[in-house]
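You will see chain A twice below: alongside chain B first, and alongside chain C after that.
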Partner chain A sequence: MPSKPKTANTWYLLIFLVLFSLVPVLKTTNYQMLLAAHVLVWGLFAVSFNMLFGVTGMLSFGQALYYGMGAYGAGLCVKYLGQAWFFPGMALGIVLAAVTAWLLGHLIIRVSGVFFTMLTLAFGQLGWQVMFKWYSFTGGDDGVQNIIPPGLFSNKVIYYYLVLALVGASIWFLGRLSASPMGLILRCVRQNPERVRFLGRRVRRNQQRIYIISSLFTALAGGLMSGVDYSIHTDMFYWTTSGHVILMSILGGIGQFFGPLVGAAVIVTIEDVVGAFTEYWSLIIGTVMLVMVLGLPRGLMGEISQLWTRLPGRQQALTTREEGN
Partner chain B sequence: MASIRRIASLCLLLLLTGMLTSALAQEKVIKIGALYPMTGRSGIYGMDSVAAAEMAAEEINAKGGAAGYKIQFINTDSKAKPDYSVTVAKRYISDDKVNFLFGVVSSAVGLALTEVSKQEKKIFIGTDHAATELTVQNLQPYYFRVSNNTFQSMAAGALYLKELAQTKPWKTIAYIGPDYAYGHAQIEELKFNLDRFGVKYQMVGEFWPKLFESDYTSYITSIMQAKPDILVSGFWGGDTVAFIKQAAPYGLFEKSLYFHPDAGGNYELLSAMGDSLPLGLVLSARHHNNWPDTAMNKDYVSKFHKKTGRYPTYAAEGAYVGVYAIAEAVKKVGNPDDTEALVKALEGLKFQQPEDPEGFTSYIDPASHQIVQVQAIGVTVPNTAFPPATRMLGQWKIYKAEDLLPPKEWAAKNKP
Partner chain C sequence: MEPIAPILELKGLSKAFGGLKVTDDVSFKVMPREISVVIGPNGAGKTTLFNQITGHLRPDSGRILFKGQDLVGRTTQQIVALGVGRAFQVASLFLGETVLDNIRVACLSKLDQTRKPLRPVSDFKRATKRAMEILDSLGLARYAARQAHELAHGDQKLLDIGIALALEPVLLLLDEPTSGMSPEERHLTRELVRKLWKDFNLTLIFIEHDMDTVFGLAQSVRVLQSGRLLAEGPPEEIRKNQDVITAYLGEEVA
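Let's turn to the complex of A and B:
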């Protein structure tokens, strides 16, 4: 990727961090901060998912598996070992997710396209079934409650800043990765895997790497979420969670690094604002998605940057950017 | 130009509505923030609950409210999703400034919300979810439940089976129920209660179809082979309908006694099945449209029918009673804001409800915050008084409320 979007992304990241760090100061009710925390966590989930989908072209329908592992790592440790185990539990969940991704990666990255998608879905549902049925250990459909971060972090504002810091750092890291030579190869893998081989690079190894990295950050998002809501549930493993994050990415724009984050913010807000007024919330989300896919296929961020480049005097930049992307 | 004018008038309209709502907010109100599912498989329970709760609020407001406060009832579709419900509950507390959290059909949502209620010190009135742990292991000071839990229905069920053994000896039991927390809890509690009441039985099979299963054939043939005297069932909603419809042609109900004490007698089932519902099934639910035969119950059912054009499912009565419980507590305390005083007022609160038979008044047990109610178990008989149902329950057996509460051993056994 040329250097320009990289600087633009740095600016976006700064604006994003400043905006979200102001939330606890400017909020009028605690609920707004909760909503902002949800946007942060879903945003991290969506951005790390998009490293797989938008960047590398691997449509995984099973990322909920890693999201759930992060959440249940923290949740089950708190349930069985006590509150102090919140952060070690979260770390355990992340490590477990990375190891699982490494193991599963060997099995499912052998195939590509729709077969890959189906296999991720199958393993994701397998994980859900295990959590759902292992009632004595996981609490099954009842979920786990009373997950409160220990000590200082039981304060909501402090925990919010922790979430912001971790999400900010993760997104910064993923942004660097996306703009790095490895990011370039990942894009090549999406566009022309044959050619990557001719260039002497390994397709599968790169896919494996990004699959592990994406899963790791997804698990971090899950772990953070358990401390935001204080309770977790097997729904986190269910395929609809994976579907949710795909919607967010497409709505925000899969071609843009920050697209999924914007998508997450929009979906979390719509779900909540519309849900408060009518039970026909799903109709609204459906309509918005229809309009987006048919009318604005680049997603929100994609269309915005398109508009920006179309401004008079930037026509030149447009053509070069298009090629670079 | 026209569009600018249109936008300006729209802004004005928004401003006016804003002013109107803030003017309304000046009035003395008790705000109840409910979370019932309005969509999906449990949507009918949510719609009935909301209708009944609104009915109760209208009745109370028509009489001048509780201690001068009008009841304001708001509901958000919970989607039956715990994480979403938690978010909405937090919005209720911080933005809408509700005085009470209310409702919930799914136990998973109930367990998640009781945590919010505990953290935020906001009273949560549970109306339909039945997981026993909410008033046992997971009990916290701000949670109250105004409908029976599964333990109470299973204790009544065990007593029914005990009596049955004297008139029509039986030995073997099989169980079929949905493979998730609710399904498993029911049979655990039934076994515990059978042991507690000294009933001898032999378990010949446990069958676990998944929730919302569509084809029960393999389970039905396995049950036929196991030949249980009693088939205990733990389904709810459409699953019960599907199972009974598929099992009837095999003659299962002639060979085994179908026994479904928690959600089997729901009007939802009676109305959905009409003539295809076999006679002689033993069912119960948390409220019955034709029992008890009191003026209050008749009045409640007919008012609900007038309001919605349909007869209520059992979930509705829980919501109706819940709103009255809030009104009674506020009357005692004098305002809806003193949470600690309201908790004291709700503990031991006693008031007449549609499902109370002559000579009994339900009350909230101060120790467990669980309502103590009579449970009636009936048998399907022809009755066309509540169309479209052509079968209702009859030949009632009534179980005393005090016998049904979970004993101390149960809490000790289930300590986390």
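Let's turn to the complex of A and C:
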């Protein structure tokens, strides 16, 4: 992820905020707003995930663990303590997720590549097992219903704007992080960890740091989702949730900061829209993925930015520089 | 007058891979501000020696004293922090980043600013200025905005040296700085290395196969063969040393 599209990223963020803030005004059904909220939450989840994968090169197959913790933090607090505990519960889930990521990180960041991926999957599934089996506390497979955000936020439009504001702020922060020295060293960790050691920097320490940050924002996404759907269920912990977010990132383009957000929008839309007509939506996603991987290996946003650099004006600038050498 | 202490001293360093002795009881001293070379046939253990000095490999026995401190058992990060820098036989870069950012990330590391999460990299004026100075001294400033993978082979090797320089080493190890270069490029690189050695006040040890560079640059020469230190001395002596001629130099010099 080169640093040049910095200004482009600011524009993308603005366009994204404007478009999504218009949804409650232009919508014709509440369902459309729900769909938009799903895109926002999955978008934040995917962008956070991609800080690990696309930026730092850590393919975690267990981010559902943190997503579920955020959701269950809010949901269980509402269930046992009452509606007013929605936001404190969400905060608790986020803190728990960060602490868990810190602890787990020490265990699993020792290994790299496919072993790291397998371990994240194993711990993710362990979390799911616990939530699934502990029926008396978590409601097991039934999940928890009627998680309605308190006060003003029980209004769907107001809650939608809260989601937009928090997702927007989080994505803004992660975008800043990507362009900062911390983002630079993380990209270096992905490209050449050996050389990073020769910069006098600790590879694992940097991986650990982004693992915690990513998990924290993932938990925020989970917490917000519980208030969008008014319910939580153990599937949020399941490996397919982790897999979902990987697909979104690859589809949108892992080399682009906004790629995973675009991927999230496309997949959520396909699922909901196509799902209304046919139950074979997973087949359609599979086909789309196949076409993408074969035809557009950089992902949607990656191909768009590639086109951008090939525009006639830009080409000129590049050749003159070559002649100047 | 107190005698000057060596900056680097190897004492009985040994390392074997299975049955293969790649470093065999090697001892030598390097004085501050010296520019010296390690030569030897392919597989003699030259790179392995650098790997041990930089903490990349742990020797089986022996000591590596840098400014009097033993480096054995320390991590690469600690050794780099003490002032040992290194460039690689095959340029080791961040290929997807710009040429500027390759150096700038090293400058930011040196300034301990790699944990800053909010301001864009270009806001870090000190690191940026320093990185541009280094690119200037390497003649790479005009490529600053290019991606590292777009650079020609020779320029990639220079960029690799630049990353090491950005960390402000006292002792710099260069692994075959001119390998894969054309004769003209070699000549330029040789003069550049000499200039960097002066300008950056370095103690410099390089590994080299090109004899013009070896004899044109080094104040002292060490010859490795099958992990053993075969000979050590000023270039004129090494050139005449019968063991070295039979073992390595052969037709190249005779």
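By definition in this document, the second predicted complex is superposed on the first by the 311 of 325 C-alpha atoms of A that agree within 3 Å, B and C clash if a C-alpha of one lies under 4 Å from a C-alpha of the other, contacts with A are read in each partner's own complex, and residues count from 1 in each chain.
In the analysis below, a contact is a pair of C-beta atoms (placed from the backbone, for glycine too) under 8 Å apart; a residue touches a chain by one contact, two chains touch by 3 or more.
Source: prediction; values computed, not measured.
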item	value
Clash-or-fit label for the pair chain B, chain C on chain A	fit
Contacts of A:Ser282 with chain B and chain C, given as first, second, both or neither	first
Partner chain in contact with A:Ser231 - chain B first, chain C second, else both or neither	first
Touched partner set for A:Asp142, first chain B, second chain C, both or neither	first
Touching partner for A:Asn155 - first (chain B), second (chain C), both, neither	neither
Three-chain overlay, vertex chain A: chain B-chain C angle, C-alpha, nearest 10 degrees	140
First, second, both or neither for A:Pro181, with chain B first and chain C second	second
Partner chain in contact with A:Thr269 - chain B first, chain C second, else both or neither	neither
First, second, both or neither for A:His38, with chain B first and chain C second	first
Contacts of A:Arg202 with chain B and chain C, given as first, second, both or neither	second
Minimum C-alpha separation between chain B and chain C after superposing on chain A, in Å	35
Chain A residues touching chain B - in the complex, by the definition given at the top	29-31, 34-35, 38, 79, 132-133, 135, 139-143, 145-146, 225, 229-233, 235-236, 271-272, 275-276, 279, 281-282
Chain A contact footprint on chain B (complex, rising order)	38-39, 76-77, 79, 81-84, 86-88, 90-91, 93-95, 107-108, 111-112, 114-116, 119, 131, 133, 138, 179-182, 184, 416
Residue numbers on chain A that touch chain C, as the complex places them	1-3, 6, 173, 176-177, 179-185, 187-188, 191-192, 194-195, 197-202, 206, 209, 324-325
Complex contacts: residues of chain C adjacent to chain A	54, 75-77, 80-81, 85-86, 92-98, 101, 104-106, 108-110, 113-122, 124, 127, 142-143, 147, 163-164, 167
